[in-house]
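The next part holds the structures, each set out as structure tokens.
In the two complexes that follow, chain A is the common piece, with chain B as its partner first and chain C second.
And now, the complex of A and B:
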């Protein structure tokens, strides 16, 4: 029993590491542009499969392939934002929600047309788990945790230390004040959508590294990622990191009581409770 | 060709009932519901289980609608003060929760294997013409749902629901319980989806959780959007479009020399996603909320 509790702790952190970047992307778009983007889960999928193609078919080393895939996902995210979402900026919250649902269907099924319904494995050599302080961890789980932490850290630095980040935080905190203070919103929106696509794709590669790539991996991660984004506070990247650990732990320890296929249901129940009881998130709406 | 036409009509009628339910919730009362498939699935499973236990189809429809209505009322009751975007997330997640329950609780409907050999109403009466008879039964149900919705539009309740959609506080200020009307609208819309589910189960004689994914909720959303939210007749046209796109591609599949079944199925969902995005881009000016 104790052994199980220990091992769930490790897998909770591992799961959290794949969900956190995606949740940070959702959180940024939700916090700055004020709509829930249901297509971001699919950017995980797209990122994972792009990394697969770049590494397996074109022979790039996986870290480089992952970076290129994330950049490409960011560009796709930006391109769709400029061609579709930009038109509905001032049309309230419903049109962008509906657009993101359409985009979700399109991206998920483009992946399905190209790669089919089956699962794919990123080509990494098999590796034995390490024993660290009594925990059993595979090298890929460690890599996943480190990459996730570094990615979130980098996003945090961008938000805290750059002019762009300052504008992002201003628009998230008080859009009216930001606008009258001369913040140009469009470049900020563009940067945020690029970042969100990039972050989600990193999450997708990490998820692929931990298990396999499937067309539904993004959809299956969507509710947990939303739970994390809202729990962490919208627009709050570090909050997303902490909330990812909480949701990860809730999901893993729920395995002591329910079947594993209910994991995303556990995340949803947490999410629904937060929305109904404390809609501003537990950690507040801070970057 | 005629068989195909009858199949399309049946599917259209079923999708139209689900869509009209959504139109009542969303078009009339302004309650965003991205989880309509949950009520559709509830109805389908309820009817399948009951008819297999020799309950007459008519009672099974009523039970399907009633259980879906109760579930709808529950959702509306726990989310009365949620903002539009939060309601969107919660309903989407709720439907996923229902799907996971159907998938995991094997005693409900055999988990991923689903329920097969679902009895069909009046089977054996019409012989070879049975599909036509079933299509007519479904159309009759659709007509009832449609007329109910049309009556409601003109009735005091319909006016109240639209008033809630436009500005809740006005309705509250004249001493009406906004919550009660929201619950009523949501559960009525859910009941329509539940009844449609009963027909769906009987028509296919087989149901499984994989048939009730979030995509179905999005398809009916597209039907309502195409028909200009709020209009029942428009929703009907939208449902015709959606079911031709979904089921019609099965028909042309035999004539397309390229692509596997998976690819063609994926392609039509891509078209659906593109239609959704294009309709939103064409119509967003008329969708601005107060």
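And now, the complex of A and C:
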């Protein structure tokens, strides 16, 4: 039993590490631009497959391939924002939602057309699990946790310590006041969409590292990522990290009591219960 | 417009001339004119929906003027964006949500010079802390968790940090206790004494008129009355409409 409790703890953190960056991206875009971007799950898929191509076909070392894939995903995200989304900037919440749904379908099917419906494995050598403080962790699980934490930490530093980050927070907090304070919104929107694409792609590579790449990996992660973003407080990157842990732990530890097919349902029950107590999420401030 | 106007066009720091503005298809202002001299304290009165807030938003550049002209220190800023008007010395404090609620007091104040990243803020900061000593004690506090009066100080402090020549204040007394209003108005008055032109939109007509130099009364998006604050305060129509009876 204790062994199981320990193992679930590890898998919860590992699951959280892949979902948290995507949730942070959802959170950022919602916080600044006020629409839920349903295409971000697909940026996980795109990031994972791009890393596969760059490492397997072009022979890049995987860490470099992952970074290049995330940068490319960020650029794709930025390009779509500057064309399609920019055209509907003042049109309310519905047009960008529909655009993101359309983009989601397009990206998902482009991946299917190029790589097929089967699964792919990132090219990583076999490895034995380490024993750390009684926990059994594979090197890839450890890498996943560390990379996720470092990525989120970097995003947090960018938001809290840079001029760009201050503009992001000002626009998310109070758009009109940000405008009269001289914040230019368009460069901020551009930076935020790049960051969101980048973050989601990192999450996608981590997910691929933990299991396999499939065309539906992003779609399967979308709802949990949204649950995490909402739980963490929309607009709050650190909240996304904490919420990912909560959702991950709730899902994994539910396996002690219910069948695994109920795992994601349990995560949503936890989401609902917490939102009853804190309607703006764990770290959310906005009423 | 009216013969009662005191500010002479040539010396005016802020001029709005026949300004038409509003939202999409609906005009709220149908040609409002105001003129504010350097260091002058001007109050804008009027019933709800008369266009007071719309006037301030149009002056600061949050809303576009559909026609008319706006001049700041002699420069035509009618087509200038909010950021450019800010750089030219016009700072606006909105009626509600005047602070960045998730930021600390210090971060809020720093947002006042966001448009001028290289500027040295130490003297401006000192000035803000002289007007509002309470803010100096609460630099690290998250603005959204402060009282309404303190938030109003943060909001005005943020605007002041940009060293404005014109300060547009939209109902800073909203939601404050009478004592807090007196306190705040006293501080606003000393800001005007230091040479900053103040344009104050207020529901609290009597108190605002007591400390202003001049006042404009708007009704249905046009100028209704203007003149020295004391004369407006004793105008029978103003007394009947805004000051509760003709006592």
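FYI, the second predicted complex is superposed on the first by the 262 of 287 C-alpha atoms of A that agree within 3 Å, B and C clash if a C-alpha of one lies under 4 Å from a C-alpha of the other, contacts with A are read in each partner's own complex, and residues count from 1 in each chain.
By definition in this document, contacts are C-beta pairs under 8 Å (C-beta built on N, C-alpha and C of every residue); 3 or more make two chains touch, one makes a residue touch a chain.
Source: prediction; values computed, not measured.
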item	value
Touching partner for A:194 - first (chain B), second (chain C), both, neither	neither
First, second, both or neither for A:163, with chain B first and chain C second	second
A:116 touches, of chain B and chain C: first, second, both or neither?	first
Partner touching more residues of chain A, whether chain B or chain C	B
Chain B versus chain C as contact partner of A:49, first or second or both or neither	neither
Touching partner for A:176 - first (chain B), second (chain C), both, neither	second
Touching partner for A:140 - first (chain B), second (chain C), both, neither	neither
First (chain B), second (chain C), both or neither touched by A:184	second
Parts of chain B lying in touch with chain A, wherever the complex brings them together	32, 34, 78-79, 82-86, 88-90, 92-94, 96-97, 100-101, 103-104, 214-215, 218, 221, 225, 260, 262-263, 266-267, 269-270, 272-277, 280-281, 284-285, 287-289
Contacting residues of chain A [partner chain C, same complex]	163, 166-167, 169-170, 172-174, 176-184, 285-286
Footprint of chain B on chain A - complex, ascending	35-36, 38, 84, 87-88, 91-95, 97-99, 101-106, 108-110, 112-113, 116-117, 219, 223, 226, 230, 259, 261-262, 264-265, 268-269, 271-272, 275-276, 279
Touch list for chain C against partner chain A, complex	60-62, 82-83, 86-87, 91-92, 94, 97-103, 107, 110-112, 114-117, 142, 144, 158
